[in-house]
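There are two complexes below, and they share chain A, which is joined by chain B in the first and by chain C in the second.
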Partner chain A sequence: MTDTAHPMLKYLKTTGPSGPRLPFIMCPGCGAGQVLNYTLHAVDQLLAEGELQKKDVVFISGVGCSSRLTSHYLQFDSGWTIHGRSLAIATGALLANPNLKIIVFTGDGDAAAIGGNHFIHACRRNLNVTIICINNGLYGMTGGQVAPTTAAGAATTTTPHGNVEDPFDLCRLAETAGAAYVARWSTAHPRQSVKAVVKGIRKNGAAFIEILSQCPVHKKTDPVEMFKELRQITARSTDAAAMASGKIPVGEFCDIDKPDWISRYQRIIDQLRRQEDHSCTV
Partner chain B sequence: MLKSKKLIQPGTHYLQGAEACAEGAMLAGCRVYAGYPITPATEIMEHFANRLPALGGRTIQMEDEIASASVLLGASWAGAKAMTATSSPGFSLMQEVISFSIMTETPMVVVDVQRPGPGQGYITTSQEDVMQARWGHHGEGSIIALAPASVQDMFDFTIRAFNLSERWRTPVLVMAEETVAHMRERLVIPPLEAIEIVDRRQPQDAGILPRDYLPYGHGQVPPMAIWGQGYDINHVSLVHHEDGRVSGYNAQTHFNNVDRIRRKIEDNVAAIADVEARYIEGCRHLVICYGSVSRTAVEAVLEARRIHGVAIGFIRLRTLWPFPEAKLRDLVPGVETIFVPEMNLGMMKHPITEALRDRCRKVVAIPSLGCLHTPDQILARIREEIQ
Partner chain C sequence: MYRLNLNTAYCKGCGICIEACPKNAIASSGRIDGKGHVLPQEGDMKRCSGCRLCELVCPDFAIALTEDASTKEETDEDK
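Up next is the complex of A and B:
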């Protein structure tokens, strides 16, 4: 590795016995690589501070552009799984080994459409998992179809005459369903995104971090323009004037402490074992 | 109901099939159970919910059957033996995960307490999912499916299902029926040291270091690294190379990948498939059946032999898939008529016909929907055919 090598390359499997794994599958200008970069920076910080052990970090994803991040690139334990099911699979991993630190990459289609029910219930159970949703407002892998996050009126390949549906607010959905930490940033908020992922990993419960992202290919727009636009169309949720003008709120929406599924279930395990020990002695 | 944190003890018990299934699973080492309520399978989850936490395991009721089966993937990768149970409509929903489990070579056990279909069908008993068990998942790949006929089988076959799943790194299906899940009868448990328990082979067992580890290499059944042990294993279900790389696709890699997954089962049918035969010597006719139907069919065979003097033999398929074709051909040199009573309109009749087409004159289905055949029904059909 040369001095100019990207500092996060150490976390990637760039090659292997059967051949090279890079270049990335992502299109030029895509935001998914940025989100991976922010996430690895957050993990790197926690590893350096000794808060995480690398062997305990597991990345899980479903299917779609965002999910492709876990396909074969990561020098971590990972699972590139079934469309929409990543959170149900993460549930199983935690039930088997609660010490794992699970980070889920998902997209707006993966999390909110096909995986919508699993998303709601993972939040409701306050499952100890960090959910990073890369929201580009469409289905990228299949060629730019309408998503549950696409703006009303937008033309896509499956709404060529305009989208007649209103989009989901995924952060409000996560908060209402019971997630302990909820934040929204964009690829144009790198430092804030890294901080949010650090907080999400530290949170003992469900952490949902939505990162708005650009898809220059399917929106047929210059990526630099889209990147700038992400700063222009968003504003801090605490900025009342900006909110009144219809900007997309970014920031932290929820940060509470409450017991997660595993710790509540552990009380049952402990109680039953105490009863059993007692009954054995009489 | 057994409440001890200890595993079920050797001796004679009187249990429901559902309870015997759950107890067998826990004895085999199952420590994660995920499910969704459905009649007539719910008793299995209720028994796990009651018993598993005292063993340090975890039971979760998920939001649907897709999620329940998905839990098994994550649990298995994180090192647990895991299972779910459902009934036929839920089994349909689990096919997505079963397909994924085949391709990622993930051990898991799925119990299908079959009920009649199509649609909601009814909530009684059935063998209508035996073809879905083999062909329900999308894509190639083989499957292992067992057919219990008693409370004893629900215990023994569930343990065997875990052992086969761990040994061959593949999903194993226990194709139960409402009849066997709800019946109560004697269960005999031998000394625990007499019960074989198989655990998956891990790269550490083979002395393979993380830097040399190929998640889909090292032989026909790759050793399986567990999450959290530093092997940096990436589970992928896209067609992959032995090192798990998904780029550099070509048709030969594709063929090697999927053909190995099929052959690790189909090359080992002799070790996996299991049939039980009685009265085969000199028989002119034959009943071939499986599951609880074998309980009434054997009565019909006995009566045909003793009272009516018919030279008729009896074969029970303890394993439905991989189909025990070679074993059947070894057992059956040649007969006139083969009767296949099933709680469907004639499903396993097809692979039986294919396997024995040159060993018999005729294969006769004896169908029943929603209820178990009586011995008289089977006997009447036999006598009608061979008079």
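Up next is the complex of A and C:
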């Protein structure tokens, strides 16, 4: 890799059996590529600091635009799995090898709609995964239909006169369900997103990071305008005046230490092993 | 001074790097390429502080910033 190439290209498969894999399949200005870039910067930092081993990092995704980011492109162990069930597959991978650091890429439709139950219970269990939810507020891959995260009043292909429903606040859901680390940023908060992913990977337990993203194709807007808008419609959750004016809160909502799923399992396994050893010697 | 290396095969001309650059060192080329994209190009690179935000925000891994040692400005310490 020459120094005139992007520093994160070392983690990407530029070619495959059927020819070049890059440029990305994503539409021009799609936020999913940015989120992958932020995540790889965070992983790169942790690998450089020796906190992570490349062999322990596993990326898992489901179905949707966001889920194209894993096995097709990444030079990490990764799984491009079934719609909404990426967290179930992450659970299986963790049971097979509890030392894995699993990063799940999911979209808002994948996490909140079809995978809603898996998402809630992964948070409740405090499962040792970092969930990165790329929220563009619609179903991008299937044609821009309304999603559970579409803002009230927003026009989509299936709500041409405006959405009559209120959106899901995934961060509040994750926090209430029991995740140890919850944060929301947008693609227009690059440095903050990288820091949040670093913290999420370090967290022992479930870390949920929602990154608000842009879909310029289905919103029929210029990516730059959407990028600017993401800065304008969001504000720090600590800014009471901005919250009162209806801006979307961004920042860290929850950062607590609580027993994680794997160590609780391990405790029982160790206990039973000790009992078994004892009964064998008698 | 820094140089902006653009992979024209990967870049889709979304323009997010131009918007994100805090120093306004990246400019639009204003020309439509063979795929219908208007790619960015080096603007006033003297302003570039090397923060590498353009590399970070690029959705297509198309930008790389390199430091050109031969054109590095002399500071008082170097003299």
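One rule holds in what follows: the second predicted complex is superposed on the first by the 279 of 282 C-alpha atoms of A that agree within 3 Å, B and C clash if a C-alpha of one lies under 4 Å from a C-alpha of the other, contacts with A are read in each partner's own complex, and residues count from 1 in each chain.
The rule we apply is simple: a residue touches a chain if its C-beta (ideal position, glycine included) is under 8 Å from a C-beta of that chain, and two chains touch if they have at least 3 such contacts.
Keep in mind it's a predicted model, so treat the numbers as computed, not measured.
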Which superposed partner A:Leu9 touches (first chain B, second chain C, both, neither): second
Chain B versus chain C as contact partner of A:Ile256, first or second or both or neither: neither
Partner chain(s) touched by A:Pro190 [first = chain B, second = chain C, both, neither]: second
Partner chain(s) touched by A:Ile60 [first = chain B, second = chain C, both, neither]: first
Dominant toucher of chain A (residue count), chain B or chain C: B
First (chain B), second (chain C), both or neither touched by A:Ala240: neither
First, second, both or neither for A:Gly33, with chain B first and chain C second: second
Contacts of A:Arg85 with chain B and chain C, given as first, second, both or neither: first
Partner chain(s) touched by A:Ala155 [first = chain B, second = chain C, both, neither]: neither
Contact set on chain A toward chain C in their complex: 3-9, 12, 22-24, 26-34, 37-38, 41, 187, 190-191, 194, 216, 222-224, 227-228
Sites on chain A touched by chain B in the complex: 13, 16-21, 25, 54-56, 58, 60, 70-72, 74-82, 85, 88-97, 99-100, 117-118, 120-121, 261, 265, 268-269, 272-273, 276
Chain B - residues contacting chain A, complex: 4-5, 31-32, 34, 53-54, 56, 58, 60, 62-64, 66-68, 70-80, 82, 96-97, 100, 214, 227-238, 240-248
Of chain C, residues touching chain A in the complex: 5, 7, 9-16, 18-20, 37, 53, 55-64, 66
